[in-house]
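Heads up, the next two complexes both have chain A, just with different partners, chain B and then chain C.
Up next, the complex of A and B:
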């Protein structure tokens, strides 16, 4: 493999793509992962099922054609994955032992418990997980188990929403597809307790470690569920979490899907979520990011029936040399749907944030109501935000607006607080907290909002 | 209490204060009257410690300390309070959170114990009642959506809670109708005490009918042009600032 490029800059490296590669991809970067896959694939769960093998092979084939995206790719202009190529990741081994988990993150009140699945380096840890308290008929299990024992539960949905296409990371995840949470809520069932999904990155001190968790969430018609994903890091080795999630929201169903990513700063966190929302359905997604060296959350959601409601929001806080990318795509494929996006970010030191938000209103999608806002607060001269809001509208009776702002803390507000005796650091803290609180207010679930608020405070206090 | 000596200050290289001399003792209320652009607001900001003003000459001594060397929060801790002409809106910070943070920050600086939520609530309820303010105004974000009168009442509330030693009231009457002015003036008068001094800055004499000063100073062209008793305010009301080389059209 000709890994001649070592710089992390944005200048294009020497061309080493074979003639077949589409522009903006680097197929050479695929090789180590393909070799690993070929060694591993016989041992992956569900290998006796032809449809599973086909799915993986399609993923492998597409990733072989594409490799990782480069900054020449419009969707990856501001997020450079070249560092991944240099790190020589090894796939996580299944049996990770010797790590103790005394306190796993939770949004629940102390002393209470509820349904929870725990994954360590992408692999399920049954002894830390529980399905207690779920209503009858609700399935909550790990994908490896589902592929082995209940393939029909996932066969209808797996790989249908997140397809490799021009998405090499989805292709890579699909090739390595092995484990991750599966949640199936049958028609009309409301799950009262939030379902917590805990992903712990441990890695290894010997070598960089990669894993590819796959999430499948199906809420049938009139179902309701709240999901909270925690992504945390233990250990110090470099890790790559390349997750893909598929979320099916049935007619008049509602899925509240919240995520907090607090991985350590040697972690690469790449995540792709694809959601489809039926008529009168609600998909409510919120992502809080404070962790990882480099992270990207890509959320793509599509309306599949009229009067649907998609709400994708988040808050990100980065410092040091962290990089955080939020890329959203909302597809108003049918009329009379509402989408709302509110993102707020605080960027300090030399950290960098990217926000790409696209709203597509297809022909005939009349009475669409789309709102998008990204506001960034830059705390240092060297902090950076690249924002690219995009509205693409092919219908004439629509209401769509977007706004992107970037600014510093307000001098007048700072002085007002200081003139009342509040010292400079505390005054800055109050203003930053207030700025982020506006994003957290987008979370309708009170318990989750309060827990996330505590993560925000912890980030502020970690200065 | 405070001794301002030959104070010169510039903003963006332009000299605004050109040698202010003023001594204020505990218990006294001084009024500074002056036309627009005379340097009234600059003086109040310089005393409170706002950035962007360069002191080119002179000194300000406050209880024997060099006031100009102190950070704004240290001045507040030492008892300096500026009631803003234009109180700042702070979305996302509840008025109570702000007041409690301020009070406890100041108590901490004074070496006093911080108040807990219950003690604070009791104190603040007492003060809001006197100012005809509602609990709802405490829950709202600081000054956000407040009318002009509500903002000034909120400033007075902060003063009542923080109990400063030296309060500067910058154009407290601006934007107030007569009823609101009376409420605010009552709140201010309730704080008058032998230990506390006030510097009331205003363009118009009207405010001084309600907050009656011991001394009146006329500020024009960056300097105090004349000083006298409260009768000086009435004279100015009649004759305007023309005597001081200022022509105000309206």
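Up next, the complex of A and C:
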């Protein structure tokens, strides 16, 4: 009361700096991971490089301070990670070579092949991978190799976009950073074939297994590339995949980054992607989720030059007691950029879906055009959706909107179909399919869209 | 929208005389010593000659408050920590125990309300009625000055119908069983930091009880005025609409211009039983601070309505133009089947004002419906946030919500934010949320200017159009006032 306000004259900061003793974290949960890290760190690739050691130590230090987030943490209020603490995860050991794959997932037509990297429990499997068909100058390799043989290729970018700050999972990944895909597309090069990245979770029957894949994608100016990530599961043991990806999109470059996550329902799938888009650049991200017991995809993208274009969309279908969390953040840091988000999801049984989408328009980012939509379809009595679409806007000459809906299938539409002799289940199937197709339409790459459509149909058929 | 120097000059001239309620009343006051401890709570309770149970309730609240933390972490507001010891928690104009009629009220006070345009003399309004036959724009007013209610009009007339409309401190004596039954039943004393503080130190406020089947024949209104320096105002309003009754209630507030910030932490509880309706309208025009953000009221208010009965309805309408900081989320708990909650809000922030406001709609009963229409206008260097929750619980079969939040930005130094939370646990519930943010379109401006309107008038017209959906929800007398207020609040922001 008897105070004079001086502080609100300062420029509006988009978010508060992380505090010393942050609210909403549980540092005690860090301990088992820290002990494992301290045992393993000498054997991690690139250990002879001081910058790699520093990066890992920073990750370790921050994770030690934070531990896993709790539901008191605003960005985790709907996703509880308490289950992780109970599971006593062991780090994945060198990939079990006994595992055989009859067919690896692909979006390619049968009988064709193309560039592909395969990771089993976070570790690279050279015998399943191929770099055939890539234009000259394009580098596609695994991070462990890159750190050992071509550290300069990754040194400039690794850890620059996804920084631990108040993101404990990024900190944890950074500490354990060891392997994952590295793709570097030089200036002006267009990669015609989609690059497929296959992540297989196998785990162990003896104990829960954790791994921390790290992805680095760099598309220099005027480059173009399509990337398709497949995340699948094979074993029956609990797994934790705590992935972090960094995507650099140069000026006038375009990166189409699609992901389908179909892990087993004993898997925890946590993923953080940070992207930066140069002037006139395009970053097009789409995530399809049907798998995992608990999954969270966090996509944070920032405009780094004017006239950039970011698309962050996705679809999810969950049932049983699955939990799917989509958290997006689009940072309109510069003027004249466009962002578009369309998320649609279907929730059945006792499953729960979370959507948190934030658009930040920083001071001066005039002529911003931001659009966001999320729609959820609840199929059962006990399904739940929690949505938090958020706009934070500090510029006036902008056009931003978001829309959110939640509900069940439309009775009138059902009636229309049934009046034409279609049975109830088939009619419901049609409507659900049509509902999800609207999201899939956001994928401009036809081959990928069709492959993803097939996953949607497969899920529906299994209902 | 570049402004000509002429416009800028004009605007400056207008802005400087903008807050016409900024005067102080020179009146002798009975003020509690600065500071806050159990003795302060006992002092207030003793001043009000309260029964033991109420003192106990206050003390429980105070003890709970001491364990609580000021909520600084989630609202998009920035202000220095408040020193709760550096204020008076009780200030009352010196007067006889309780004035029997207006003649016993200090003429200085009457003059104050006259200046504010608040009618305390019943005959004046009645005279107005005579001039406009057929209509009854009469408003019964409870005037709260700092910590006490100084006068309540039309009491006798209302009493004939069994309506109780009086200061809450009076209700404690007059109908203790009602107060005891409902006080804290919607906003418990442990609810949140400011509501808990209010529970400990609330001084006055209005109490309304509408008996079964009665339709209150006039608008009831409370006018809050903070006058004393270094005081906080903690009023508590409790409105109970018994089965099948209806009441429309208006709340207005102003405060003098002062360079220090003053705290206003009110609690409003509404209870609607079967088939009852409460319409609660607020025009909040506390002193917003000056152009540099010095002074102004910190408005931390907890307002909540419980639709306890079947087919009950609670409607909140607010026009928020004042206060340096607004922290306010009028909410509805839709417990009764088929109950309806509504929230219509226009919030305008200019200069360095900050507002974090919105609503919560908690759907518990079957076929409960809620509508949220929020219009935020941010100008100058102001920051404004809509924060809302729509929660559908598993038993709320057939629940419906429609939310529309629109923000308008005027100038590139301000901010407008939207933070809605949507939680649904019932598939038959249908929730729709839409939000937009834009500036006043060049086309609209051009259209108006082309027809000879000045830029200022054009903006005012467009903004009023933008707010129309909300303003039309206000009772007529208020709507006119509010429209003017919308214009005034934005003066100086164009360019």
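Assume the second predicted complex is superposed on the first by the 441 of 463 C-alpha atoms of A that agree within 3 Å, B and C clash if a C-alpha of one lies under 4 Å from a C-alpha of the other, contacts with A are read in each partner's own complex, and residues count from 1 in each chain.
Operating definition for what follows: contacts are C-beta pairs under 8 Å (C-beta built on N, C-alpha and C of every residue); 3 or more make two chains touch, one makes a residue touch a chain.
Source: prediction; values computed, not measured.
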| item | value |
| --- | --- |
| Contacts of A:413 with chain B and chain C, given as first, second, both or neither | first |
| First (chain B), second (chain C), both or neither touched by A:202 | neither |
| First (chain B), second (chain C), both or neither touched by A:404 | second |
| First (chain B), second (chain C), both or neither touched by A:430 | first |
| Contacts of A:318 with chain B and chain C, given as first, second, both or neither | neither |
| Chain A residues touched by each partner, larger count belonging to chain B or chain C | C |
| Partner chain in contact with A:421 - chain B first, chain C second, else both or neither | first |
| Which of chain B and chain C A:439 touches, first, second, both or neither | neither |
| Which superposed partner A:396 touches (first chain B, second chain C, both, neither) | second |
| Partner chain in contact with A:382 - chain B first, chain C second, else both or neither | second |
| Chain C-facing residues of chain A, complex | 1-10, 12, 23, 74, 363-364, 366, 376, 378-408 |
| Residues of chain B touching chain A in the complex | 48-51, 71-73, 75-77, 81-82, 84, 87-88, 90-93, 97-98, 101-103, 105-106, 109, 141, 158, 162 |
| Residue numbers on chain A that touch chain B, as the complex places them | 411-413, 415-424, 426-427, 430-431, 433-435, 437-438 |
| Chain A partner contacts - residues on chain C that touch it in the complex | 73-74, 78-84, 86-87, 230-232, 259-263, 289, 292-296, 298, 324, 352, 354, 381, 383, 394, 407, 409-439 |
